[in-house]
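Input: a single structure, listed below in structure tokens.
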Amino acid sequence: MKRLLTGKLFGILIPLIAIFFGFLAGAIVMLFSGNNPIDAYVALISGIFGDIYYFGETLQRMTPLIFSGLAVAFAFRAGLLNIGVEGQLMVGWFAAVVVGFAIELPMIIHLPLAILAGALAGALWGTVPGYLKATLEVHEVIVTIMMNYIAMHVVNHFIRNNFLESGQRTEFVSPSASLASDFLSGLTDFSRLHWGFFIAIAACFLMWFILWKTKRGFEYRSVGYNKNASLYAGMNVKANIVSSMAISGAFAGVGGAMVGLGTYRYVEIFSSFTNLGFDGIAVALLGNSNALGIFFSAFLFGGLKEGAGNMQAQAGIAPEVVEIIIAMIIFFVASSYLIRWIYSKVQPNKKEGK
Amino acid sequence: MEYVIEMNGIRKEFPGIVANDNITLQVKQGEIHALLGENGAGKSTLMNVLFGLYQPEKGEIKVRGEKVNVTDPNVANRLGIGMVHQHFMLVQKFTVTENIILGSEPKKGMSIDIRKAAQDVAEISDRYGLRVDPNSKIEDISVGMQQRAEILKTLYRGANILIFDEPTAALTPQEIKELIQIMRNLINEGKSIILITHKLKEILEVADRCTVIRRGKGIGTVDVSESDQTSLAEMMVGREISFEVEKGPPKPGEAILSVKGLTVEDVRGIDMVDQLDLEVRSGEILGIAGVDGNGQTELVEALTGLREAKSGTVTLSGEDISGKKPRKVTEAGVSHIPSDRHKHGLVLEFTIGENMMLQTYYQKPYTRNGILDYGKMYKKAEELMEEYDVRTPSSMTLARSLSGGNQQKAIIAREVDRSPKLIIAAQPTRGLDVGAIEFIHKKLVEERDKGRGVLLVSLEMDEVLNVSDRIAVIYEGKIVDIVDAKETNENELGLLMAGGKREAGETST
Amino acid sequence: ACGNDNNDNATPVNEGNNNEGNNNVENNVDNADNNNDNNEGNEATGDGEGFSSKMVTDVGGVDDRSFNESAWAGLTMFGEDYPGAEVDYLQSSDSSDYAPNLNRLARDGTDITFGIGFLMEDEIRDVAGQNPDQNFAIVDTVVTDEDGNMIDNVANITFAEHEGSFLVGVIAAMHTETNEVGFIGGVESELIKKFESGFKAGVHSVDPDIEIATQYAQDFNDASLGQQIADGMYAGGADIIYHAAGGTGNGLFTEAIDRRESGEEVWAIGVDQDQALTEGEWSEGNVILTSMVKRVDQSVYQVSEDTMNGNFPGGEVLEFALEDEGVGFAETRDNVSDEAIEAANDYRDQIINGDIEVPQTDDEYDEWYDSL
Amino acid sequence: MELFLAVLYLIVPAAMIAATPLLLTAMGGLFSERAGIVNIGLEGLMVMGAFAGIVGTLMFEGMGMGAWSPWLGILFAALLGGIFSMFHAVASISLKADQIVSGVALNFLATGLTVFLVREIFERGQTDTISSRLFRTNVPLLSDIPIIGQMFFTRVYLTTWVAFLLVLVVWYVVFKTPFGLRLRSVGEHPMAADTMGINVNRMKYIGVGLSGVFGGMGGAVFAITAAGNFAGGTITGQGFMALAVLIFGKWHPFGAFGAAIFFGFAQALSVTAQQIPGLQDVPQVFMLILPYVLTILALAGLVGKATPPAALNTNYDKGSR
């Protein structure tokens, strides 16, 4: 059964079918609550594609999701479950913004430096669980969960005591460290689309490249699948665990930097988690932990969340319905076995022919 | 007819393959019936059908003449069929008793009556001479004892038809002897046994009749008393097989590996290798013989840099490699064929091509400036697969879906191709059929003849005797003696392995 | 709950350009011009026909039993009084929804769009900049452009929470038996500091020796944390605790009810709305002594109405204070003694005529306390 | 000394109360993970439990059950949690879904569905507040023991002691009964269990179902004792903490008990310390991160490696090996 239907085509078909089922489930929920699903979905679609502004916002929204998805997926490929993307993203956001306003430099240095600061902060936050896992075999899931809370409180502490500007936030990053783009914004009718979107695309490429084209990536995947055999093959398993968590954290940190330098251009006291990191788990898994898949699943996530606003405005559908749809899509993607099974029942001659 | 088991015209398909094609197997009451076939011939599948784990597409099963429908292992249990699986079905963290009673636990109120259970187990193990400690955890006991626990599981359920799927693959010679005795006891108690093994000698020793299958098809059933090794092997493979390892005399050169005063602890801090000295010369195969658990694993791990030695030195052609990391040891010229190919030898989710490059991926020309060249990697892997006869649909096939023999060939190709100075081969033929074994032994001898040193660690007495030039016997972490392979025999080795001493004057280094 | 007889209650003050609020003549002149521009073409009829007033909620949603709900109540009331006017809201699931939601309303040509909550400050600034022909209003903060100037198409609605908190502080001080009271804050910020400072000043106005325990949960949503903090404060001797901590405050009520049931005489003070209407019940009454109420409903109603009538207070800071009845203590007064009410009313008058200036920050409070 | 005791009298019950929902939920996680199914969906189960606990209490109040309502509400939450967990069970057992993915989906579904239902039922984003509550009580007799009594048996919720008793029950069931042996065997070596005639999938369904029952109770206890009502933010992260407690406790009921108490203690300390003279001047951030840092330190220092059930996070497929 296992390798029965693993054609390329099926790889694409399954998510599409899952998305269809997800929407079907959402429609049932809406019917149950006395709403018209067709109106709702028309509103949803036009809330993504109906106006260039919404489309721009969708792309803006998916930017950090791509990063958090990449972060989760990268660790996953190396055999680690990184639930700490949330915290890594927060510290990255914070560090990038602080570098963004605290120093004066020409843009060509300042912007990369601020992004780098985000990457380093995220990497640092990822290294702690990586190191504990590698040296003391402490389960990374616990440490990353704890590190999320620590990140939130520590960042808030520094904002509150060192960088508070107005109300809840720091000052704005200087233009030389800003990713915001009048051009992109103008192109999309004032959406907050910024250059970070293209950096995110580059990051997808980078993740694919690291994992599949470099020596290190080969080792990460090898360690992820089988630590023992990797050790026997002479790989430094501990170093690989630590550095894969660092890279994962760096992806998350840069994701935070994108939000900090592009969307908001400041960082404010976090009164709760951003959820960007937790959503990353779903984005990564929905995207099957591969770069292209993550890009599309981030688009789906970003689009659904953006379109939810229009569904609410035009069709009066509570935004929670979108969450239900997302959940059902994830279920159906995860249960692709079901889809394969149905498929094999529907087309029995195909099976015989093999 | 007094058949206890009749399987007629069994057909079992897996996607893309017919594992059993119209196979017939008839087992008489009170006999040991051997089932023989190459790796992947369909033996385990047939037995799993009998035991109710798989449902056949065609065919009928009769137990004691009655047609039955074995839908799941519970049905098999009720019919008195028990199975000792090829890969042990034991829960590592449970005790022997817990494993045995699992699924039919004696109860006292709502709890398990663990006392009664232990008593029952002790009673059965006494009756059949199956020595076990009912209260130890599986993960703490030897493979032999684990197997006895497996057998007890079936007996506890009152099985009188027992299936043994490759029971001897992982046992020491001593344990094999005990097992054979146990099987005889069982027959005397009126049970019937189906025995799967690749070791023809064992079949000849204990079995009454033997059914041979090849690529899913039944070839026939013979009386063992009218057969010999050659005829059985031919039936199974369809060609002639040589059992003697063909090799010329060794031309030993200077020492390649020399180990001095090596002491290695295991995780518990016990010295498993204790002040050990050893030398392997170029152009010779040095076999390490010993009962499992006498420090072989720790020795190999220390030599290959996987485990840190407490003291002592290891030199390779004069270069001190003690305390070096695995990669450095490899680069110094040591190759390692690990004993557990799934756990240590392969990344099963990688393609077979990637697996073949697991030791060299980082070197030029496969990696330049940290960037992999997959084209070159696969080209190389395909060359190797060609040369070492690794049979798979393509180099992109996942390692998991290769048969054991082909997996092992891939590892050998990978390790040997690097032109190492020293090859450490740990149990290189475990679980393989005679064809594959022949191939691997031939390769090791070839490498010897190219002037390499080969350190062969094996629990298989035949293998050590046939392949090695010299044999070092390890006992409690020390080399107790080194003998010339041509001048020793099974009995002498067995004695040494048990810690005995050779009579003086027979030395030949 | 919202009368429409208080159209001119709010006092426009100018807080821009660092000159502490009072005189605003110049700005008003500018704004007047602007307002006319803005309202050209959508002059509403008497019943509000053709006028639309909508809001974007904070993550709490329009039924958060707090300021979002209050704001929506004001809009609903406005819609009832002017049936021709269109009122609506958009709910934000998280902070990333603010900008798109505000934009969505602006794009629909909404005449006035309210951003509820100071968290929307920057989004309002951007969206207002991008839609200069639309009117916006923000609740709980003041939005300025990058140079610190007021923005012509944004009205700023603030409340004198410190003044309201002062009064409940007075009531607490009048009621405490143990001479110790407490304050639980949510996530520490400038806004919540106003509650704290005002409350402490109110307590100490009555009796400077009363001890005040304060603690920030640094979370607006963790009831169990709120309960633990309250437990500690009550155990430490406080018998009345005031909260400005949203959902965390539920834990305070839980703890107060619990202690009540076991015979302890403790009280809690609610915030934003008359919380005794929905919370605090125990078997023999209600543990909520009083609540500091903040009339967001009234402010939203009023700004909508003004805008409809062509008087959009763009570029202004409207501070709804005690004297406008924009803040105060709750209508439910069953548990409050007459003396306390009297004292509170007395202080209220003093604050209104300027005899008392209530501190809003830690520094102002320290200064104020030293001057006692 | 007196102060020290006074602090302990405050912290210990607080720790026990804080530990209760985590502990209950971790017991749920234990059943599912011992059966080999990773349960990252504990968060969602707690959300569902909190929702059902409050809605159930309100419902039973309406039916005139009075003081029994919260208890019935907790049972209702257990039931609903069990039903809700079947999503995870069907996906990860029958449909062979990746267990982590399915758990993540469960979390999404729980938040979406509960808030949606709250809107449908109450026409607002949060439920009404329950009026019949659970109160802290002194455990009769035991609370009279000097020092110990005041520390452990005074002003605690009955739910806490019920939860502690349930830990004992869980231990007994998992380690002393045939059911427990079978459950564990399925999580360690499903094929072995299968050959012994154990219905592997049924055991897994039961394991996941019990995780729903206990996770539901955990969420309900939290909502009923602390919050008093339910909204989208009532449960934020407690389920993940419970997962951490389970792993910290090495998948053992007593271990999880220790871990939950440890965490509750650290949290109570962090809250209370801010009201203790001397500690008041320590910057608050140190107190806020204390529970998390202590947990990491404890793991790194004392507990170290935890070995999960051997077959955790693998799908059992008869046909494969």
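By letter and in written order, the chains are A, B, C and D; residue numbering begins at 1 in each of them.
By our rule, a contact is a pair of C-beta atoms (placed from the backbone, for glycine too) under 8 Å apart; a residue touches a chain by one contact, two chains touch by 3 or more.
A quick note: this is a predicted structure, and the numbers were derived from the prediction, not measured.
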* To do: Could you work out which chain's C-alpha centre is the most distant one from the centre of chain B?
  => C
* Asked: Quick check: more C-beta contact pairs in A-B or A-D?
  -> A-D
* To do: Can you check how far apart chain A and chain B are, centre to centre, with Cα atoms defining each centre and the answer in Å?
  => 46
* Structure fact -> Per the C-alpha means, the centres of chain A and chain D lie apart by a whole-Å value of 28
* Structure fact -> Expressed in whole Å, how far the mean CA point of chain C lies from that of chain D is 37
* Asked: Of all the residues in chain C, which ones touch at least 2 other chains?
  -> 218, 221
* By residue number and range, which residues of chain B touch two or more other chains? -> none
* Among the residues of chain D, which ones contact at least 2 other chains? -> 233, 236, 284, 288, 319
* Asked: What are all the touching pairs of chains?
  -> A-B, A-C, A-D, B-D, C-D
* Residue ranges of chain C touching chain D (in the complex, touch as defined) -> 60-65, 213, 215-216, 218, 221-229, 231-233, 235-236, 247, 250-251, 253-254, 257-258, 261-262, 278-279, 281
* **Residues on chain A engaged by chain C in the complex (per definition of touch)** => 51, 53-54, 57, 61, 153, 156, 160, 166-169, 172, 190, 192, 263-264, 266, 268-269, 271-272, 274-275, 305-306, 308-310, 312-313, 318-319
* Structure fact -> chain B partner, complex, touching residues on chain D are 172, 176-178, 181-182, 184-185, 188-189, 191-198, 310, 318-319, 321
* **Parts of chain D lying in touch with chain C, wherever the complex brings them together** => 9-10, 14, 17-18, 123-126, 128-129, 131, 133, 135-137, 155, 222, 225-229, 231, 233-234, 236, 267-268, 271-272, 274-275, 284, 288
* To do: Mind listing the chain D positions that touch chain A in their complex?
  => 87, 91-92, 95-98, 100-102, 104-109, 111-113, 115-116, 119-120, 233, 236-237, 240-241, 243-244, 247-248, 283-285, 288-289, 291-293, 295-296, 299-300, 303-306, 317, 319-320
